[in-house]
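Starting off with a structure, shown below.
Chain IDs A, B, C and D follow the sequence of writing; residue 1 opens each chain.
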Amino acid sequence: MDAIILQVLNGLDKGSAYALIALGLTLIFGTLGVVNFAHGALFMLGAFCAVTLNVILNTSYETIDPDRTDFLGNPLKVETPYIFDWFGPEVGGAMIEWSVPLAILFAIPIMVVIGLSMERGLIKYFYHRPHADQILVTFGLAIVLQEIVKYFYGANPIPTPAPAGLVGSFDFGVLLGFEPGSIIYPNWRLIYFVFAAVIIGALFAFLRFTTFGMVVRAGMADRETVGLLGINIDKRFTIMFAIAACVAGLAGVMYTPINSPNYHMGMDFLVLSFVVVVVGGMGSLAGAVAAGFLLGVLESFASMAQVVDLFPGINQIIIYLVAIIILLTRPRGLMGRKGVMED
Amino acid sequence: MSEIGKAASRRSVLKGSLAAGAAIAMPTIFTSQAKAAFLNDPGAASTVTLGFNVPQSGPYADEGADELRAYLLAVEHLNGEGDGGMMNTFSSKALKGNGILGKKVEYVTGDTQTKSDAARASAKSMIEKDGAIMITGGSSSGVAVAVQALCQEAGVIFMAGLTHSNDTTGKDKKANGFRHFFNSYMSGAALAPVLKNAYGTDRKAYHLTADYNWGYTTEEAVRTSTESMGWETVEAVKTPLAQTDFSSYITPVLQSDADVLVLNHYGGNMVNSLTNAVQFGLRDRVANGKNFEIIVPLYSRLMAKGAGANVKGIFGSTNWHWSLQDEASKAFVQSFGTKYGFPPSQAAHTCYVQALLYADAVERGGSFNPCSVVEALEGFEFDGMGNGPTLYRAEDHQCFKDVLVVKGKENPSSEFDLLEIVEVTPVAQVTYAPDHPQFAGGQLGTCNPGA
Amino acid sequence: MLGLNSKDQKLFLVVIVVTLLAPFILNPFPENSELAQFNAGYPDLMQRFAIFGIFAIGFNILFGLTGYLSFGHAAFLGVGSYAGVWMLKLLSMNVVPAIIMSVIFAGLFSLLVGFVSLRRSGIYFSILTLAFAQMSFALAYSVLTPITNGETGLQLALDDPRILGVSQIDGSIPPTNFFGLEMRDGFELALGPWVFTLNFGYYLCAVFVLGAFYLSMRIFNSPFGMMLRAIKTNQTRLPYTGMNPKPYTLAAFVISGMYAGLAGGLMVAMDPLAGAERMQWTASGEVVLMTILGGAGTLLGPLLGAGVIKYFENIFSKINDTILYEWFSFMPDGLQDVFVFLIHPFIGKGWHLTLGIMFMLVVIFLPGGVVEGGQRFMRLFKRGDKGSKSSGDAARSASPAE
Amino acid sequence: MGILEISGVNKRFGGLKALDDVNLDIAAGTVHAIIGPNGAGKSTLLNCLVGRLEPDSGSVSFNGHSLLGVKAHQINQFGVSRVFQTPEIFGDLTLLENVMIPAFTKRDGAFKLNAWPSVDGESEVRDQALFYLEEVNLAGKAQVRADEMSRGDKRRLELAMCLIQDPKLLLLDEPTAGMSRADTNDTIDLLKKIGEEFNITKVIIEHDMHVVFSLAKKVSVMAQGTVIVEGAPNEIKGDERVQEAYLGGAHL
């Protein structure tokens, strides 16, 4: 039983990342009608916002310590971050340690700017182009973005740990009446899940309860009619693109302590998030979230040794297998609308 | 960036012997039968071309970049530039710093992409287009085996880079291929006694294994050697290569009665699985009244860097480490560090050594003919390359040398100082019979000179 | 002649000439010049041009004509490769049975995948094909290792049975051959400073690529091709003209799957190893990119797209800083460094960046792909021509749809 | 005994009863119009005839074949063609190709792997297609892309695509919807001409009374999912129930 609860938690955690990326992806589909293969790259850029902030905070000057030597036997150059001088080593150290949470504030403006410039500078010229062209151009963009990151940060993963105060685990078992220590879960993963829930909730509330959101939703359903009403739907869609970029970016920032970011993490998530979006149903926000969590949980269960022993290799293919089954039984995914991206 | 190649630039000499034929306007047709005694024979040319086939894109690009740095250093040293590095400490004195057999060493580079197909395409273009006489490099066993087979078919020498699977010199061994790097079996054999001392003989191990060839051989090697000293393997689970989040594989470990976790992962898999394992508090866990321990059979400094503080106190094995204090290692670190500003990785080391070993074998054999090189390398005993006395065994073309058991350092003094050497396992302890079951099934075949 | 109209005849003739003379055309620079770096006329790359050309031509029959975007075609190439290597292992080193089996197995597998996937259209179809291919890849890489040899790739061994041939010759695996003609053999032709390699393997590939191209021209011009284009244009009208679209799309799917199998079979005939990576989604994506880059729905586009991408992969990735320094060696030191610094990110390990930029530039400025670029180029010369229809036969329909 | 017999057809969409016990008998060789206000169930009925929808109950039989559960392309193969409210044509193809496609399906059936012979070589189909393009006055545009034409021309093209199949029954779904008066008259003339040259039974669903009275020999009026009146155009004109259905709204 506790094993199952743990796998559900794992699944929800994985699902959070899938859902956040897929949400932005389906939002862009729904509003702009654009297949954005660069969406994974936005997730990656978010993660590298955290890395960049860390680098900025660690910007140092060198002093020579004659008493110690480096690996070549030369006097050791000691690096001291400037912020140690500005804020004192304690505050400075704390800032570096808390760089991932701080990076949220850092990433929001950056991702908004990236999102806006991407939409205005490139995507808007592709609204009425065939989907194949959209795929090619956004795929090209994704390659360019990740190669730029690789140029500056290399190909290896870069460790970006959570603040020491948030490392450690939370004992669920006690809460549910199990033996202490039987169901423990890392704090940061719980934070990630809560964070995802808040973002998803906020986005849904925004779309449901604000006038802006209502117009956008109406536009998703019938762009032309809304356009005829004299509403500048394009401007709103541009903003939605920026929001989607921001959601992907924040998902990336928060993901860094879970797995060290590397330049191709976006591609790793891209295909999966496409599967999630399609399984959820094209153009359905709720579907994307539901599919994200569903696939996350199923993936977790399929990785259990008991399951793998029964069906060898199931952990390798579970997501795709489920996608096939769902698409064959429900033609438009879980909650897809008729006629969206079907021709 | 311009670290690569500046020194070797300014080549104005014409390439290859064909310059001589340039004056003749008459078409010359020659078929492969009519060619020289072996493929890509440099003949009377003043230069010889080596092919450095390393991952330049994909997840192992940084490791590939380090390999390339080492090769360029080796080329410098072979051509008599720089400080000579390990050529000064190498027990064989055949190399004179005037290139190989008096021919200046030139090179071509290619990108393996860590894919068998791409690596073979790249190697083929080096052989067919650039006339490379030897191919070396790579950062995964799949690629090594694939390129090794290609070189065997084509008829050039392959000096493997970083490849750790038993199969490279086991069931997929080839006469034209040579491996200096150690292998899964050696990792297991070297680790077992150290683990016994550190953690005792009564342990229950849980394996997470990357679901591909290298993972299988490593799991088998570590299992066999730990089980023979009394450990019990409670579970061995295979994880997909593409897995990035290992949480769903880690939580069952919490549920099991294991007290040791063995991560048969490399590269990004290793970084992520180790990070996740530590996240789930495995390092602070107490199981069966003992401290829970994690083991990473194959360590790489570059990857340890990706895992950050998570490697602290975790055992593993490695082929070589820059903190070794023998003269050869010191000379290499000095040479590499002066040129590039940071210490070399084990991948850089093995590639540098392979390049030198090849050049030396050509000098000693007196010919670039692959068969002559094979003969010179088979059974070759040498020292002064950073691993102590080493044997290139004739039966399987595997180097036998000491293996390092290392541990993640608790208080690293720099970003390179992540591992500390716990023990140098003597070569006798990691030597196995050529027909050992973990290596059975393959045949070397005969050397192929390609003509 | 050949059942083609005169425009297509001309096009085919040009393709034949270019294909047969490729070893010369692709080696424009003398062997020992600095620009020899850009020569592509060596056997392996020429074979790859032909093989991926076949793959893309086949993909275009599905995507270019029907508009169904498959993201899983690499799986058929992979299945074909595995079948081919098994034939080489079990039967003989003659490539003919290997290629035949490759086509058959890829055809059967595509029939299965197509039958299921074609129950959906649009992006749902794309994801279904992607899912099948990714499952094939993941399984081939791991649990199917006994059949596929997993990560390493399926390769020949000295102790293979080869019941119609020999297992080994003097400790070596015999080379692949076409009734005795060894694939890796050939002639070298030195013409002054130029050296050209005429490789048997390439010419076998060339024969197949010409056949594949010819067949695709026939299909494009046939009633069947017209039906497929009708499917792409309007799915609502179709059933009310008495046509059943499903068998048509399935036939197109299987034909393109067999093309992929042929490409896989040729791949192992040239280089007898089948790696699982060739089934990965990136490999499927590559053929999509080739087709769109060249010009989807055009006859020549896929061939050109395949050529461009493989050229970048194999030539640009091999340029390193040393070579750059050689190019700019005539400059003063400081300037040389600046130039190398500027170009460095785009070559060698940066070849992906160059490829990405090229994708973007082509799709932004040449919506119809390379073929459209060529047409615009031709139009510059033909400005005198009044005919608005001078666009040439290559561009059958310039607007690829999803 | 009519060529098309519809009896007792019911169709529900959730709580809405779209068709309620519809009975219709269409005689061979006539032009039969179905009229009625919006939401009367005309389009639903048409969709039940062509295989797009399946009735919940009742029977539809054409020339002795039951059409229930039969796929759209098979129904077409029986000899039923249709035109759409907005012309559905193959926009990327030339007019000639547009007309050749139904000719091929008529000749070869629902599927034939006709991948070797070139279209140019199929001269009898080609000639036939040119003939029918001529019939609808589009011969001069045979090589034009269909998307580039006016709406009226698209309608003509669609008719040619139907006629080339020599159908026994032609279903026209508001053939003049959205057309100008001139285009409408044009279409009426064309349909009349076709009526004279080819002996095809036609069912016209129409709003426009002008069209109905110009073409139809018999009219059925639908309201609220059922046929309320049937008769010759003149009889219908004065019928109180019809006026009520159109003007008086729902309380019949």
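Methods note: a contact is a pair of C-beta atoms (placed from the backbone, for glycine too) under 8 Å apart; a residue touches a chain by one contact, two chains touch by 3 or more.
What you are looking at is a predicted structure, and each value in this text was computed from that prediction instead of being measured.
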Open item on the list: Of the chains shown, whose Cα centre falls closest to the middle of all protein Cα atoms?
Closed with: C
Task: A-B against B-C, pair bridged by the larger set of C-beta contacts - done: B-C
- [ ] Averaging only over C-alpha atoms, locate the centres of chain A and chain D and give their separation in whole Å.
- [x] 52
Task: Centre-of-Cα separation between chain B and chain A, whole angstrom - done: 35
Task: Centre-of-Cα separation between chain C and chain B, whole angstrom - done: 33
TODO: Could you tell me the distance, in whole angstrom, between the mean C-alpha positions of chain B and chain D?
DONE: 74
Task: chain B: positions in contact with at least two other chains - done: 57, 61, 65, 211, 238, 240, 242
TODO: Would you mind listing the residues of chain D that make contact with two or more other chains?
DONE: none
Task: Numbers and ranges of chain A residues touching at least 2 other chains - done: 316
Open item on the list: Judged by the touch rule stated earlier, which pairs of chains are there in contact?
Closed with: A-B, A-C, B-C, C-D
- [ ] Flag every residue of chain C that touches chain D in the complex, lowest number first.
- [x] 3-5, 218-219, 221-227, 229-230, 232-234, 236-244, 247-248, 251, 255, 397, 399
- [ ] Give every residue of chain D touching chain C within the complex, in rising order.
- [x] 50-51, 71-73, 76-77, 81-82, 84, 88-93, 97, 100-102, 104-106, 108-122, 125, 161, 165
- [ ] Would you pull the chain A residues touching chain B in the complex into a rising list?
- [x] 2-3, 6-7, 9-11, 13-14, 17, 68, 70-72, 150, 154-159, 161, 167-169, 182, 184-186, 188-189, 258-260, 262, 264-265, 268, 299-301, 303-305, 308, 315-316
Task: Sites on chain C touched by chain B in the complex - done: 30-32, 36, 39, 42-45, 48, 138, 141-143, 145, 149-153, 155-159, 168, 170-173, 175, 184-193, 195, 197, 271-273, 275, 277-278, 313-314, 317-318, 320-326, 329, 337, 340-341, 344, 348-349, 351-352
TODO: Within their complex, state which residues of chain B touch chain C.
DONE: 1-2, 4-6, 8-12, 14-16, 18-19, 21-22, 24-25, 27-32, 56-57, 61, 64-65, 107-111, 115-118, 120-122, 124-126, 128-129, 140-142, 145-146, 149-150, 152-154, 167, 172, 175, 211-214, 216, 238, 240-242, 442-446, 448
